[in-house]
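Before I ask anything, let me first share the structure, which is written out below as structure tokens.
Labels run A, B and C following the written order; every chain starts at residue 1.
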Amino acid sequence: MQMEKIVEMSHIRKEFPGIVANDNISLYLKQGEVLALLGENGAGKSTLMSVLFGLYQPEQGTIRVKGKDVQINNPLQANDLGIGMVHQHFKLVHNFTIAENIVLGMEPTKGLSINIKYAADKISELSKHYGLNVDPWAKIEYVSVGMQQRVEILKMRYRDAEVVIFDEPTAVLTPQEIVDLGQIMKNLIKEGKSIILITHKLNEIKAMADRCTVIRRGRVIGTVNVQDTTLAEMAEMMVGREVNFSVDKEDHAAGDIVLKIRNLYVKDNRDSLSVKDFSLDVKAGEILGLAGVDGNGQTELVEAVTGLRKPESGKIFIHEEDLTESSIFHRIRSGIGHIPEDRQVRGLVLDYPLEYNLVLERYCDPPYAKNGFLQKEPIRKHAEKIIDIFDVRSGMGPTGAARSLSGGNQQKAIVGREIDLDPEILIAVQPTRGLDVGSIEYIHKRLVDHRNNGKAVLLVSLELDEIMDLSDRIAVISHGELVDIIPADQADENQIGLMMAGVKND
Amino acid sequence: MTEKIGKKSKGPLGGFKAPVIPRPVVVGLSAVILGLIAGAILMGLTGNNPFEGYQYLFKGGLMSVERIGDTLATATPLILTGLSVAFAFRTGLFNIGASGQMLFGGFLATAVALSWTALPRPVLLLCILLAGIFGGALWGLVPGLLKALFNVHEVVCTIMMNWIAYWTIYYQIPKYFKGAFLETESAKIADAASLKAPWLTNLFDGSYVNYGLFLGIFAMIIVSIILNKTVLGFELKSAGFNRHASEYAGMKVNRNIVLSMCIAGGLAGLGGVTLYTGYAGNIQIGVLPSQGFDGIAVALLAANSPIGVFASALFFGMLHSGKGFMNAMTNVPPEIGDTIIATIIYFAATSVLIERVLDKIKSKRRGDK
Amino acid sequence: MKKAITLLMVLVLALALPLSCKKKDNNAAGAEAMKVGMVTDAGTIDDKSFNQGTWEGILLAEQDMDIETKYLKPTGTTEADYMKEIGNLIDAGYTFIVTPGFKFETAIFAAQDKYPEAKFVLIDGTPHNADWSEFRAEANVVSIFFAEHESGFLAGVATALQLQEGALGFIGGMEIPPVQKFNWGFQQGVIYANANLGTMVTMDAENILYQGSFSDVAAGQQLAAQMFDKGVKAIFCAAGGVGVGAINEAKSRAASGEEVWIVGVDVNQYADGLYNDYSNSIILTSAMKRIDQAAYDMIKAELAGTYPGGETLTFNASNNGVGIPEENPNLSADVEAKVKEVFAAIQAGDIVVSAEQGDLIQ
């Protein structure tokens, strides 16, 4: 294996309105290695890789690929240079088949028509080769997120990419899928490909990467050999201070039942029952973690409780008030706070300024509105308060569009908004998805505070560690049914893993 | 120039920062200039001098007090249909039915103007306005309800509503409101029952400018306030940007769709009032007013901002009213004149394209440094 | 980008300047000529009807006389739209203005006072105010009417004679007086031929329709198809664009061997009905009104100093203002001769065609 520098980026500078995303960044990638790019949310990792992929033009700096100076103006040119990227938000056409998605833009033709059969065969072959188990004829809208990621990876392989950039690849995966991804990456390296892995998850870096370049606030802090560096050292480089990994959580007596779910049945978009006979109590002063593999009814359950989806039957109570038929408007005012699963779809109006998003549920209540008119001052003050407390970094402050914020800061804004509502029950779905350790630490602390204030928290997460760390009790859902509820201090990972697969404890 | 371009990340409410020209203004002006260049090429290709042509085009729209008045009068319905389309756009809806809403609003207004002539003028005019708004709103209500209840796309519905209005008027006017002789138009609306204002006509030297202009300005202010300052506007725009998040936040998205279509329809209906009881003085059958469709171009050029709608409606009004003089003074045949106007409008409506080009120029400049 | 645009601009201007300068010289040479303007009604200048007829008359006058011509197309069909274009013509020096169609009646009523120095010819209409309470034609307005019923009568006789038997139909545009008079005249012609010339053609109420517009080509095609399917052999179309649809339908049927005919209107539509590589036409004949003649005559009169200001003129059979074309390739010589006799009888007053519905259909 030769260890020549296949990609070299020197003195890259990229500005956005109000913010320098990349400030004189230099790094290189050797052939056949996995280079991790570590940094907090908004540190500039994604921007840097977008520059390499031709999505942004840097103000300064040069890029060399295989020793040659290159100008990359668009992703097509990047592809031609053998650079591929698996984005955090997949770029797939949902009503196309997997094969169609993979060949999109470089369709093999037979006369004037597309020879999709040829493509599908080639894809099957590749899939077998890497052990990906991909069905080229399946439509994207019907396959899991993990499968969609494999499609993105195959897309790179189909285009003979030699350098593959993974942007936060594990953020959307289940634990098993993460293990599989590790194997896929190993296979790629074995074939002489090179990988850049953008992440803020230290465990993954330890497991997958050879070297790690750490970026903080747009600057390179240093590059380390992963083997020689401890997790704590890397975390400190990233955040700039010592990080506390474990959650400080005192015992706290649970109080009255806040949320009561009784015999709930909910249908999903395909009109099949995805929540069946589900009953659950969440008490004041406790965090109840709901564990389960993605797609086992968590989404539909949460939507039914928050009012986004009409249940088929069953009842939902908050403090003994029947909310089954209530509007979302009323539920919010009855004390349901909701950190939604998908921040960009449900959580934010991306084209609204941040300050508007921070009053998204309360715009019509005093002091934010008076006689039907929005009140600028209180809205601005409220935004400034949340920005300040929750450390939301926005280049343009309260007036910047939510779109301009990095994913992590968008999430912090939502968490801040919901906690500021001081709800009786906070339903937090994947609250730290895609966040860096610093932010995770902070959000976890706030969830625990909320519980300590005598309020209830329903934590829905695909990350078992998070559930285990935070919960007082753990409920496991499988195929839409409640498997069991166990106290967190009596739970171990293997046992919960089995329950997630539907095996009930005796 | 690029230095002055407003930041992309600037929200709809972005504060004013000293001498920055807002990006939509730059885009809009570029679109207009591009349109004029395209029109000039067309004039050149047909063997006419573009400078001469444009000179007469602008003169035709502006060279005398009367012509300025006519420009304003032509622009009046466009202001209102432009507002209608822009308002719907801002709330995520595409209102192609402004023509039908105008027609039906104008029909009800005409009916009131011809029937309740005994009322004192201020009361009568108020009734006419309300009838027009009601008629247009009714024509917006149907597509709104269908969209909210059955998710029927509003483009399809509003187009069909155009034809329902067309044929309703076609049969109802001759049956109930025809003049003494002609089957193809309603009786003439008495001056006292119309928006005509003698003092305005005199002020503008006998032009057709009327009280409708003030309605347009008033509507622009109201729409601007609703969109930017009120809780209602917050909800409606939110649904336009992201329906899912609006639901999540507890807004009644379906109710807002209906409301939004009603308001858009009401604005177009008001446009119908100004056209039929102000500008024309009666309602003709067999004509789907083109102002409804021009409103789409007006809104696009204006980037859906109310004040922008006002400006671009005036521009279009000037084009329409100056065109004839250009045809009269040059050898540009009227068909080519129409094509030139259409070209200008078309290019003016391609602001999205221009926005992209601006982005490119900007990033290139940065890259060159 | 910007450079490219600038370059393009310069190129265009370079091309355009010499051309336009030349044109200007032309204008300068004929500066003394009378300037004749026209404002079109709804529809295009080549509408095979009013606009086209009027414009052709003006162009004919331009060939024979020293005049300059120009037509303008209003953006709408309201009085305000018409007034704007009249104003544009006058500001550009066109002081002799021809306007085709009754829709101009109120505009001319206003214009005759507003522009006393200009002269107007109003075809198919008489100036009146908006609520019809005052009719007044000043000395600078001539109103021209046509005896459409006489024209329709002649076409009806010709059609009946040529076909001898079978069913006929009528498609009108809007139900307005000139169209109605065509219809009623046509029906009277058919009745006359059946009674006096031994023909056996029929017209049923279900085959006499007004489509409701002058523009819906597709609807015209459908209506014609329905009538032909019911066995109608010839349709008289007084319907502008709707008639174009009917003509298209007839052409495709004739091309596949069916025997179908259309009777044209306003102008000689023979050329519009050509099919089979322009060898045949489905236009049997046309009920013409000589709009072009009227426009031509008025311009000629103005130049000769005999402009009949303030008068209302009627163009009918007796002054050759209406009739069927001189040449009708689809009519036999025998039929043409007989129609000429009928024409002479109308001119002589022996046959009187009514302009009213009476007990006719629709």
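In this section, a contact is a pair of C-beta atoms (placed from the backbone, for glycine too) under 8 Å apart; a residue touches a chain by one contact, two chains touch by 3 or more.
Only a predicted model underlies this, so the values are computations on that prediction, with no experimental measurement involved.
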| item | value |
| --- | --- |
| Category of the chain touch graph - line, ring, star, complete, other | line |
| Nearest-to-centre chain - CA centroid comparison | B |
| Geometric centre distance via CA averages, chain B-chain A, whole Å | 44 |
| Rounded Å distance between chain A and chain C, as computed from the means of their C-alpha atoms | 72 |
| Distance from the mean Cα position of chain C to that of chain B, given in whole angstrom | 35 |
| Residue list for chain B, restricted to those that touch at least two other chains | none |
| Contact set on chain C toward chain B in their complex | 1, 5, 8-9, 12-13, 15-17, 19-21, 23, 37, 40, 42, 44-45, 70-80, 83-85, 87-89, 91-92, 94, 102, 114, 130-132, 174-176, 212-214 |
| Footprint of chain B on chain A - complex, ascending | 16-18, 56-60, 306-308, 327-332, 338, 340, 345-353, 356, 360-361, 363-364, 369, 372-374, 395-396, 399-401, 403-404 |
| Chain B to chain C touching residues, read off their complex | 37, 40-41, 43-45, 47-52, 60, 66, 70, 73-74, 170, 179-184, 187-188, 190, 206, 208, 279-282, 284, 286-287, 289-290, 320-321, 323-325, 327-331, 334-335, 337-338, 357, 361 |
| Chain B residues touching chain A - in the complex, by the definition given at the top | 7-15, 229-232, 234-235, 237-238, 241-242, 244-252, 363-364, 366-367, 369 |
